[in-house]
Structure formats: structure tokens, C-alpha cells
Amino acid sequence: MLSTLIELQRLKRLDRTGWTLRGLPNGTESVAAHSFGVSATAMLLADKFKANGIAIDIEKVLRIALLHDWAEVRVGDMPRTATLYFGAEARKQAETAAFRDVVSAVDSGTYSSLYDDYERRNSLEARLVKVADVIDLLIQVLALERAGARGLDEFWEVAEKPDFNLEGEAAQIVQDLLESILKARSELHNNG
Amino acid sequence: MLSTLIELQRLKRLDRTGWTLRGLPNGTESVAAHSFGVSATAMLLADKFKANGIAIDIEKVLRIALLHDWAEVRVGDMPRTATLYFGAEARKQAETAAFRDVVSAVDSGTYSSLYDDYERRNSLEARLVKVADVIDLLIQVLALERAGARGLDEFWEVAEKPDFNLEGEAAQIVQDLLESILKARSELHNNG
Amino acid sequence: MLSTLIELQRLKRLDRTGWTLRGLPNGTESVAAHSFGVSATAMLLADKFKANGIAIDIEKVLRIALLHDWAEVRVGDMPRTATLYFGAEARKQAETAAFRDVVSAVDSGTYSSLYDDYERRNSLEARLVKVADVIDLLIQVLALERAGARGLDEFWEVAEKPDFNLEGEAAQIVQDLLESILKARSELHNNG
Amino acid sequence: MLSTLIELQRLKRLDRTGWTLRGLPNGTESVAAHSFGVSATAMLLADKFKANGIAIDIEKVLRIALLHDWAEVRVGDMPRTATLYFGAEARKQAETAAFRDVVSAVDSGTYSSLYDDYERRNSLEARLVKVADVIDLLIQVLALERAGARGLDEFWEVAEKPDFNLEGEAAQIVQDLLESILKARSELHNNG
Amino acid sequence: MLSTLIELQRLKRLDRTGWTLRGLPNGTESVAAHSFGVSATAMLLADKFKANGIAIDIEKVLRIALLHDWAEVRVGDMPRTATLYFGAEARKQAETAAFRDVVSAVDSGTYSSLYDDYERRNSLEARLVKVADVIDLLIQVLALERAGARGLDEFWEVAEKPDFNLEGEAAQIVQDLLESILKARSELHNNG
Amino acid sequence: MLSTLIELQRLKRLDRTGWTLRGLPNGTESVAAHSFGVSATAMLLADKFKANGIAIDIEKVLRIALLHDWAEVRVGDMPRTATLYFGAEARKQAETAAFRDVVSAVDSGTYSSLYDDYERRNSLEARLVKVADVIDLLIQVLALERAGARGLDEFWEVAEKPDFNLEGEAAQIVQDLLESILKARSELHNNG
């Protein structure tokens, strides 16, 4: 277990390249800090789902949220543009293989199958983590913009036309949260 | 939910003061990155417990791990020495009150009771998170020492005489992990 | 004396949490850099007082300015919100006790009594240092806003309704300086 | 030309992941700073070649050195381990395609063909830049180790068994330089 | 050659003081990263000159661009205001002497004479590097402003009234590039 | 007064180049943080002088300590090697002229004459501040070495053969303090 924990430790120092490539300072956000944000968001969201009568396996949600970016310790936090050159499928395969190697010393199959589920968005739990991944990104952008950052408009496009493959009450809860984020941003820019 | 998420976002930037007070660079580790480390460690450890036949509620473990440091967004990451001047009890009370305010908009009671459980180490799950908190600290120290940091000896004292209030198989698993960390450290210094 | 100097050295690395909690980069301002700013401001202000015929002990002003934040090396730079949970009185007592321990090896009573004077704003000198503490904060905010930072509005509230317990010429000098800062800020935002 | 220059500007902020993944601080070395180091090294080395009677096109050397890492602005500075999962050939193809897009607005064919030459190490000039790439890396490691960094042993392996496909005088000059670096390192560790 | 390379390595860590003195974070741009930017800009610009029938020695351009800031490793990146106090001539002499010492172990005269050419803007190649030096500065300012930085207006003054001592087609190419930068900036501020 | 305070604010961000040129991270120590360290050291040392019956003007000591580095906001923190190329006398003259301009809006002559006193080490107070300047440097080096930094040996040379032009009891107090620092360092290296 130790070698796995030592390797995951490296995620605390790995910068999310989305910020540095847009001119923000090194150290703006690590992959580990983002993973925490996604996990915390996923927990609050899953509890809200449950409180609204949506059946959801919260243990599974939290597991997926925690592990969904572990492959980056071996392949790095590739910029979005990288996918254009490697191809989405090749990127997914490489990351999956990297993930399997990262967990190889501790996995009896659970981690890999949760990872595959996430990559394919098979379950509601996987889709909820994808929502949390986007929500944490948008709230990070909002926090940076509140502190004066500019040039991050392209991140807001996803918020305009979300495609999370959710239905009914679940879709509504996510939609409401996204709208409250967009409203907070619009207030920021009206006041700024 | 949005105001809570915005506040938690701040943990990504809050430096753990243990490092900066010992002369390491700003940005060495954020509270959010540490919370990720504790949660990942707790998941691997809980799965190991389960695989060894120890009954444990993993959802509860992950919840406690994720939220155990949220109070710091309001009271800061106080250095250990602060406890000498405020008193352990006053510190605990202040952090508990801060935690309740942080989650007030999203809590139906679950988060607060998990927090209280952690503070009192009532359940096996709470005690396991405390183990993960220490393990993540030690592996961070090991990583810093591998990268050349010195002056961190005091952190290793806890590893020599752990008091996690565990028994039987659980105590053994934790003891084995601690010993493997101490061994890795001793190899580091023999080679360095 | 050496152990005291070694401990004070740590203030050079301790981040002021006001900035990092508002999303500004780690390393924005250390407690030591702030203490320098307060001391330099206090010297210029005290000389202005003196030039305007106000009797003031400048040595005492400079001593208080230099030492007023030394307790933070043991209790950290607590965010403002922390006071809500610990209580202003408990915070003051803890910081006073921490200060006494920091200086214990070098203090024959002078440092502690200067610290107490500052905490109680007993003397004109103590009140002038409090003014300098606020002025340095506002000029730091102004500098950050000039460099593009946003989201720091709450810091300006104190400048609107200062309560420094000063009278006559002293009050006027401080008021004039505050107004010149507010004017500089208003010009910044009209041009920006 | 402007859009190309704006994009290349981003290399100044992009961290070389080799350092951060090994626990060194963010901001240790940018891709732009490394490219400068490679180019300066290549110039000195090429002048040494020339002074020893080796025919070499120095303009070509400098061009290749300056542009050899431009693809990273689109695919990131991938860690070495990434190659295991993407495959060396796929990585090369993706980087080549990214490079072509980066220079598309300014390239009449020269830049792309220099890039291809470098990737294939066809010319002596391309091979010399590869040498400079490794020399700059080793001198950066040496500088970090002199400043206290540890855990960078693996970088020295390449220095033990270089395979630059050089012959005669050229091979000798490179070998001498490598040996002087290894000697400097060994003196460092004997004294440290 | 090794001692020269070790000394040049230090340019990777040396901050350009123009940014930090204006309140931007440490690590915003190193002298090495700037030198890379100047060299890349100079190469694109020289190729454009050549494509427009202007005779230019590109090897010479690249050499001057790479080495024009090496003196800073011994005298630092002095702020502009420093020239007021040392005098432009004394500064030039000191930097020239420092440059000669930096390259003394590797120079057969070429580097020093290229440096002198640059300082005197004797050749078209030297003047083109000066253009690239200014262009890279402006594009860095533009990138910082896009990311939210403010307070950098004074850097744009040079762009309004450039004095590069160029004629005919060369002057036109540079003028066109400057205008496209000014246009990009004006669009930025109209949208922001 | 405001324009002076705004300019001095910049010292909080200006890196001491001694560290970055030796490969330590940007942000290791600002000029403002160093000035705080010198002032605090000077206060403790002056009080020790006084307690040992040495007549000393402590207000004057603190004033000199606070302002002795203000010229750097206009000429930068020049590396030691810069003096070789500008000459000690020219550097002193430039810094003196810069200092006068920095304080011109607030100085009735006191600041300039204190600065001149410091530059010439005329008074005991000026010489004590020079001692504090060196002591703060050595304790910063010691703190960095305790945290793992290496390659700072040259800074210790001054501690071996101090030349502060002090006599009797004053010389003895300083000698004792220097020896305690050297002893602390030697213990560090025996244990490390």
C-alpha cells in the first residue's frame, strides 16, 4: 500500500495546466486540491439527490470522485488541446492503463471497475461525479475571477449547454445549481 | 449549496502552516490537498480492513475524511503551538462551532454528527480517519525529505508511539503500514 | 537571544491568510513584510505628528510597531472569522501568553508591557501603531488592486468609519491620510 | 505572426513536470527557461565543434534548439511515464501534429522540416541539440542538488551511458563535457 | 565551458523586477524565459524580413538574442529607475564588463563583439533583436493583462512612438506587428 | 506621505537576489521581510547593549534599521558581484541619490542624514545596524540550511572574521552572538 500512497502524494504538487497556460501563477490549483473539491461537491450533491428521493450509492460516488484523476500522476494533467492530437480514444486508453498501474498493488478489481464506470458514465454515480467535476471547475473559475483573473471565458461555455445525461429530479437539481453559479458570475461582472 | 461550495473552495489556497513555519516554501501543501491525501489513504486502509474481515462503514469513513478539516476555512490552519495558548478544549469548541456554521446551509444534522464523532473518536470509522490523517502527514514528510527538506524530525515522533485506540487485526494493519513508512525513511537516510 | 531571533525568522515565511483565503497567490504578503510596512508607516506618521507639535515618544512607537505581531509565530495569522469562534477576549489572552513565551529569553519586562499597552491602546503611541497597522493594510490592498486584484472591498469599510480614539491635530493628520488613500482608490477605479 | 507569438508566450508559465512530480516547488523551471538553456548550451557547443574543425551549420543548430519544445504549448510537458501508456510513436506523431499547428501561420515549411529533422536526429545539428537538451537537464539537476534538492538520481543514469550517435572529435567533446559534469557532481556529494 | 553553463543556469531563477515591483507575484517571468521569448520572436521576425527580400544574417540575429541579457547574472535585472542613478553610460560599461567576465572561459572574441554590436545597435541584426526585445515585453504585458493584471500602462508608451532606427520594408514590418499588438490590446479592453 | 508609502510597499515583493541566484525558490525572502528581521535584531541587540551599560540611542538604531534598504525600491537588490562592475563608490552614490528621491516628499533632512551615517558607519548606532544586517542574514541562512538548503557556504565567511569596528563590551556581545550562531550551525551539520 505504501508505494501507492507515495505515488498519489505527487498529485499534491502537480499543477492543473489549464491555469498556467492562461497566464495564472504556478501553484494556482493542484490535481489533489481539485480532487478534494470534486469529492466535497459530489458528497453535497449526492446528499441532495438522496434528500429528493433519488436512489444513489453514496459510497460509490465518493470512491469515484476520489480516484477519477489518479492516472494523471503518470500521464500528467494534459491540456484540452492535447486530445486533438492524441485522439479522445487513445487518451482514454492511455489513462486507463496508467490508472491500472497506479493501483495495481492495492486493487482487487474494485478500483479499476469504478474507473471504467466513470470513463463510460455508465452509472448515475459516475454521471454525478462528472457533474461535480464541472461544478468544481466553474466554482474555481468564479473564485479566480472574483480575485481579479480574466481570460477564462471559454470555461463558461460548458455551463451554458450542459450534457450530463441526467433526467427528472436529478437534472433539475444540477440545472438549479448551474444557474445559481451563472447568476453569481453575472452579479460579479455587473458589480466589477 | 453554492455558498458552501464557494467557501470550501478557499481550502485550496490555504497553506498548511506546519511547513511554512519550518522554512519550506509557500504553497508546499494546501489544506485541500491534505484532505485529498487523507481521504485517499482512508479509502485504501478501509478496504484493507474489510479484506481482513473487519466490519467497517466505508461511506462513513470517506465522509469523515472529506469534512474533517472544513472548520479551518474559518479559523485557519493553526500551528500546534496555538493549542498551548488556547487550550485543547477551547480549540475543539471553536472548531466545532466554525464547522457548524460552514455547513449550516446544507446540513440536516449528518455532517455535524460525523464531525462530533471524529472529534471524539467514538467510532472505528473516526479512528481510522485519524490514522489516515497521520499517515498522510508522514508520507508528505517523507516526500519532502526525499526532495531534500530537513528539520522535520519532530513529525516522526508520533510514528514511534502511535495511540490510535485500535485493537486486534486493525491495530496490526496500521502498525505494519507505519513500520513500512519508518523503514522507507530509514533507507532514505542511509542512502542520503 | 539566538533562540528568539531564530523563532522570529519564521515570520518571514508565514503568509497573511487574509489574501490566500480570498484567492490571491501564496506568498502575497508575509507577517514579517507587513510588520516592516507598519513600522515604516508608523515612523513617517510619528514624525508628522511631531512636526505638528504633538508630543510623542518615537522610540516607543517603533518598538511597538516592530513587536505587535510576534505572537503570530506561535498562534498563526488567524483569519478575522476566527475571533467569532474563540471570542475576542480569549484570542487576546492567548496571543498575550504566546507573546510572553516568544520573548521570555530576552525580556526584562519592557516588551511585555509594550505589548499590553498596544493590546489596550492605552497610550498615544499604541494608538498610532494601530493607525499604521490599518494604513499599511489599506495601501497593500490598493497595491494589489492596482495590479489587478478584485474582491477586496470589505477591507475598505474600516477606512470609511475609522475609530482610532484620536483627537485634535492627530485625528486630523490621520483623517487626511485616509482620505488621500480613498481618493487614490477612487481614481484607480474611475480609470480602470 | 502575433497569434503564434501569443501562444509561445505560454511556455514561460508551463512548469516542467519532472520537478514538481518529484516534490520540488511549482515554478522550479518553465519550458521557456529550459529552451533558453538548451539554446545557449547548443551555441557554446557548436562553437566548440567549429573551433575543432567540425563542419556544422550553427544557424540551423540555434533554430532547432529554439523550436524543439514548442509542441508542448498544446500537448503539455508530459512526464516520461506518459510515453509508456501512449507509446513512443503515438507521442511523436501527436507532438509533430501539434507543432505544425503551432507554427501554421508563420511556416513556409522550414520550421516543420527542422522539427522533423530533430525528431529523427537526421543531421549532426539535430544530434547536437539533443546533446544540449541533456546537458541543460543535467546542469539544472546539478544546480538543484547544490541548492539542497535530493531524489533526482535517476536523471544521472543517462549521463553514464550516453547514446548520441556522434563520432570522432564531436563524440569526444561531448564526452569530456559530460565527464566534467559528473566530476562536479561527485565533488558536490563528497563535500556535502 | 561547464562553469559558464552553470552560471547561465542562474538566469532561470532570476525574476524580471519590472513585474514584482508592480505587485505581480514572484516567479512571473525569469530572465531566461524572457531571453527565450526574445530569441523566438527574433527568429520569426528575421524570417519575415528575409521573405520580404531584406538581407539579414539570421545566425547573427539568434546569437545576439540569446546572449543579450547574460550580464544580468552578475549585475541583476536592474529596474529602469536604476539608470537614473547610475547613469546610462556607467550602466552600459558595467554590464559590458560583466558580460566579458561571464563569457571569458569560452569567448574567442565573437561573443564580446556581438554584445558590443547590440549595445551600440550598429548592425541591422542588433536593431532587429532590440525590436524583438520590445515585442516580447509587450506580448508578455498583453498576456498578463489578459489574465487580469492591471497597472502596466507605462509599458505601452514605447509602442506608441517606437524608435528602432529601421527603414523601408523593415520599418513597415515592425510597424505592422506593433499595430496588431496595439489592436489586440484595445480589443481586450473594449471587451473587458 | 502617501506616494512614499506606496513606493515602500513595493519592497514587500522585491526578492533578495542572493537566494534566487543560488537556486532557491522565488519568494524566499523579500527586502521588506529582511528589513523587519534587521530591525527586530537591532532592537534586541541595542537593549542588550544598554543593559550592559553601553550608551546607545535606540530610537536612532530603529530608524536606521528600518530605512537602510529603502534605496533598493529604485535600484533593485543588486547581487554582490554587481559592485565589482559598478565600483563600491559609484554604487554607494547611486543608492544615496535614490534614497534621497524615495524620501523627498517626507524628509526634512533627518532621513538623509541617518542614511549617510549608516553608509559611513559614523555612529555606534550605524555600526550596530550593520551588525544586525549581518546577523539577520546568517540566521536566515541557518533557517534555510535547517530546512534543507545547501550551497550557501560563502555567506558564513563573514562570520569567521567580522569587522564591525566595535570595542570593549559591545564587541564582546556581538562576538558571543556570532559564536552562538556558528555553534548552532555546527550542531546542525553534525546531526544532519
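By letter and in written order, the chains are A, B, C, D, E and F; residue numbering begins at 1 in each of them.
Here is the rule we use: a contact is a pair of C-beta atoms (placed from the backbone, for glycine too) under 8 Å apart; a residue touches a chain by one contact, two chains touch by 3 or more.
Predicted model only: the values in this text are computed from it and were never measured.
Peer 1: Trace the shortest chain of touching neighbours from subunit B to subunit E and give its length in steps.
Peer 2: Step count on the best path from subunit B to subunit E: 2.
Peer 1: What chain lies farthest away from subunit E once each centre is taken as the mean of the Cα atoms?
Peer 2: B
Peer 1: Can you check how far apart subunit E and subunit F are, centre to centre, with Cα atoms defining each centre and the answer in Å?
Peer 2: One centre to the other, that is 33 Å.
Peer 1: What whole-number Å value describes the gap between the mean CA coordinates of subunit B and subunit D?
Peer 2: Centres of subunit B and subunit D (C-alpha means) sit 40 Å apart.
Peer 1: CA centre of subunit D versus CA centre of subunit E: separation in Å?
Peer 2: It comes to 22 Å between the two C-alpha centres.
Peer 1: Mark out which residues of subunit E touch at least two other chains, giving numbers and ranges.
Peer 2: As it turns out, subunit E has residues touching two or more other chains at 10, 22-27, 143, 148, 150.
Peer 1: Which pairs of chains touch each other?
Peer 2: The list of touching pairs comes to A-B, A-C, A-D, A-E, B-C, B-D, B-F, C-E, C-F, D-E, D-F, E-F.
Peer 1: Going by the contact rule at the top, pick out the subunit C residues touching subunit E in the complex.
Peer 2: 25, 27-28, 143-148, 150, 192
Peer 1: Residues of subunit B touching subunit F in their complex?
Peer 2: Per the touch definition, subunit B meets subunit F at residues 22-26, 148-151.
Peer 1: Going by the contact rule at the top, pick out the subunit B residues touching subunit A in the complex.
Peer 2: It is residues 1-2, 4-6, 8-12, 27, 29-30, 32-37, 39-41, 43-45, 47-48, 51, 58-59, 62-63, 66-67, 106, 108, 110, 135-136, 139-140, 142-143, 177, 180-181, 184 of subunit B that touch subunit A.
Peer 1: Flag every residue of subunit E that touches subunit F in the complex, lowest number first.
Peer 2: The contact residues of subunit E facing subunit F are 10, 13-15, 17, 20-27, 73-79, 81-82, 84-86, 90, 93-95, 97-98.
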